[in-house]
Amino acid sequence: MLDEATPLFMQIAERVSVEIADGLRTEGQRAPSSNELAIRYRVNPATAAKGLNLLIDQGLLEKRRGIGMFVAAGARERLLVAGRLRFGRKYVEPMVTEAGRLGMSTDELVALILEFGGAVGLPASKGSVTA
Amino acid sequence: MTAAISVSGLTRRYGRQLALNGVTVDFEGASITGLLGRNGAGKTTLMRIIAGHELASAGSVRVFGAEPLENSALLRRMVFIRENQIYPEFKVRHAIRTASWFYPNWCGELAETLLEEFDLPTDRAIKKLSHGMRSALGIVISLAARAEVTLLDEPNSGLDAVARRRFYDLLLREYAEYPRTVLLSTHLVDEVADLLERVVVIDHGCVVLDACSDDLRGTATRVSGRPLDVEEFVAGRLSWGRATSRSHESVVVGGVLDDADRLWARELHLDLRTLSLQEMMVHVVDQTTEDYARETVA
Amino acid sequence: MSTLVKVVRYHLVKPDNLVFVPWAVLVVGFAVNVMVVATTFGGQSTIRYMGTLAALYLTFSVGGVTSITRALPLGLGLGLSRRSFYLGTVLTAVSLAVVYGLILALLQAIERWTHGWGLSMGVFRAPFILEGPWYLTWLMSFVLLTLLFVWGVWSGLVYRRWNLIGLWAFMAAQVIVGVVAALVVTWMGAWHHVGHFFVTLSAPGIAGVVALFAMLFLAGGFATIRRVAV
């Protein structure tokens, strides 16, 4: 189920983050309890709790004394920003490196991006429909 | 925090054979710890001594600060149904009924639910149960007892894959609602890996690995490819399990590989495969173990 | 529910070895006796003593063995201390022995009243030790049943702790003790003293000697169980 390399609690935190980023869990909404997560993902409750604590440390969840954990304000925005940064590092950097190795110019690279982007239905610029 | 179970220098000798050799390990209060190792490694002996079923030759065991041997008040808080447990000429319902008298936290409804979940016929004689059903009976008693210290000796032995899945889910659910100290010994390490907070590996009566399962994740990777490339990648790192042929080499590398490492491996056209907990355990037991435990987990 | 009571209940959940088997064996033995006597011997006025009762005692003794071999492992698994298990088991046996003694006394009375079940049979009587008033029969049966049970328990424990070799040694030791005692008596030329002692001893006296041995075996069993492993 979960991958072998990353610590489990980080994977749990990741799953919850994805729910927030996708808008499935909105600001002010209750976060899943560690027991819920433990049973859902079939992991030890302590691991699930560690994952939730990680999200609190990252400011994505907040703890309200005596009541529980809730999605923090601005969590979604922050996740999307962080996601873009990660996207850049993970995909764009290797992509431009590879493009350089193949002797492409930035223009040629952009043309390629537009071509593939169009095929997938990515809007050419923010707000507009497909290119 | 004082550990719930504290084992110190525990030794058990049978004639000239050392079943346990100076075992020192602590088990925390609310936790699920995996007791892993080969057959005859000493896992069951350790659990038997913790439960007061067997006596130590040397060393000590403390449960909640007291010695468990002949300690009624303490024994009441522990449950240990072994693999191949001997029962009187009972039917299933007799065993359940008897168990219900001995545990202050016993939950009858849970026992009934569990019996149904495992399809255990209450009116069948225990000696007529299949191996898997006997394991299931042990699980029912162990979980329904809701004992503060729950020792599970190869509980999934003989259970088919579906029943095993049910058991793990039930264990998690019960543990989440009523946290307790759980020791679980098993061969099927990968199946339970996600449930375990800690793993303790025992080999030839000694503890060869004692670590948080999260810390162990991803700390061993098998690297394969052309021998020269593999050697270049592996240089300076802790490695073992080398398998070389003329055109291909495969070796296990210790330590966590970060993104840079992975990128480099991709450039060298090397194949990376993270070792599962079970594979790690096999390696740990196969080779001289102290180094591994010290260098990878530190 | 006190722990000892729990142990008693545990033994009585399925009381085959302690209740049904001993009495079933007796009933069968009795039936066989009736058939044999009725078909072979004609009317007789003197009592013919039959040893069928021994079967009850012996199977009860076996119950002592199985209480260890079959009931101890689960008992410890469920959190009983060896001490609690031992005392509870002995309590169970003693309680049963009290009741069985009464039943045997009753059967003896009926036997006397029917003049040996109409066939001059002496199943529930034995010369000297099981004659006399009902309370002496009860006392004798009670201590004898207890002795044999405790002996069975001790044997079972010896077997669990030291296996077959240990059991053989245990039996051999008892035989040796007996032989040595006999040799000592012979050497001291004291057989007539021994004979005199037993003849002058009343039935309650013999019961007392039996009880003494029972307590000896009780202590022995307790010492043995302390280091038994399951």
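Per-chain numbering from 1; labels A, B and C assigned in written order.
We take it that a residue touches a chain if its C-beta (ideal position, glycine included) is under 8 Å from a C-beta of that chain, and two chains touch if they have at least 3 such contacts.
It should be emphasised that the depicted structure is a prediction, and the values quoted were computed from it without experimental measurement.
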Query: What chain sits nearest the middle when you go by CA atom centres?
result: B
Query: Which chain has its C-alpha centroid at the greatest distance from the C-alpha centroid of chain C?
result: A
- request: Report, in whole Å, the distance between the mean C-alpha point of chain A and the mean C-alpha point of chain B.
  value: 34
Task: Express in whole angstrom the distance between the two chain centres, defined as the mean CA positions of chain B and chain C.
output: 47
- request: Take the average of all CA coordinates in chain A, do the same for chain C, and state the distance between these two points in whole angstrom.
  value: 78
Message: For a test of understanding, state which residues of chain B touch chain C in their complex under the given definition.
response: 48, 51-55, 70-72, 75-82, 85-91, 94-95, 97-99, 101-103, 141, 147
Statement: In the complex, the residues of chain A that touch chain B are 1-9, 34-35, 38-39, 41-47, 50, 94
Interface residues, chain C side, partner chain B - complex: 1, 3, 6, 9-10, 13-14, 16-17, 70-71, 73-74, 76-84, 226-227, 229-230
- line: Per the touch rule above, chain B residues touching chain A in the complex are 30-32, 168-169, 172-173, 175-177, 179, 194-197, 213-215, 217-218, 221, 257, 263, 274-276
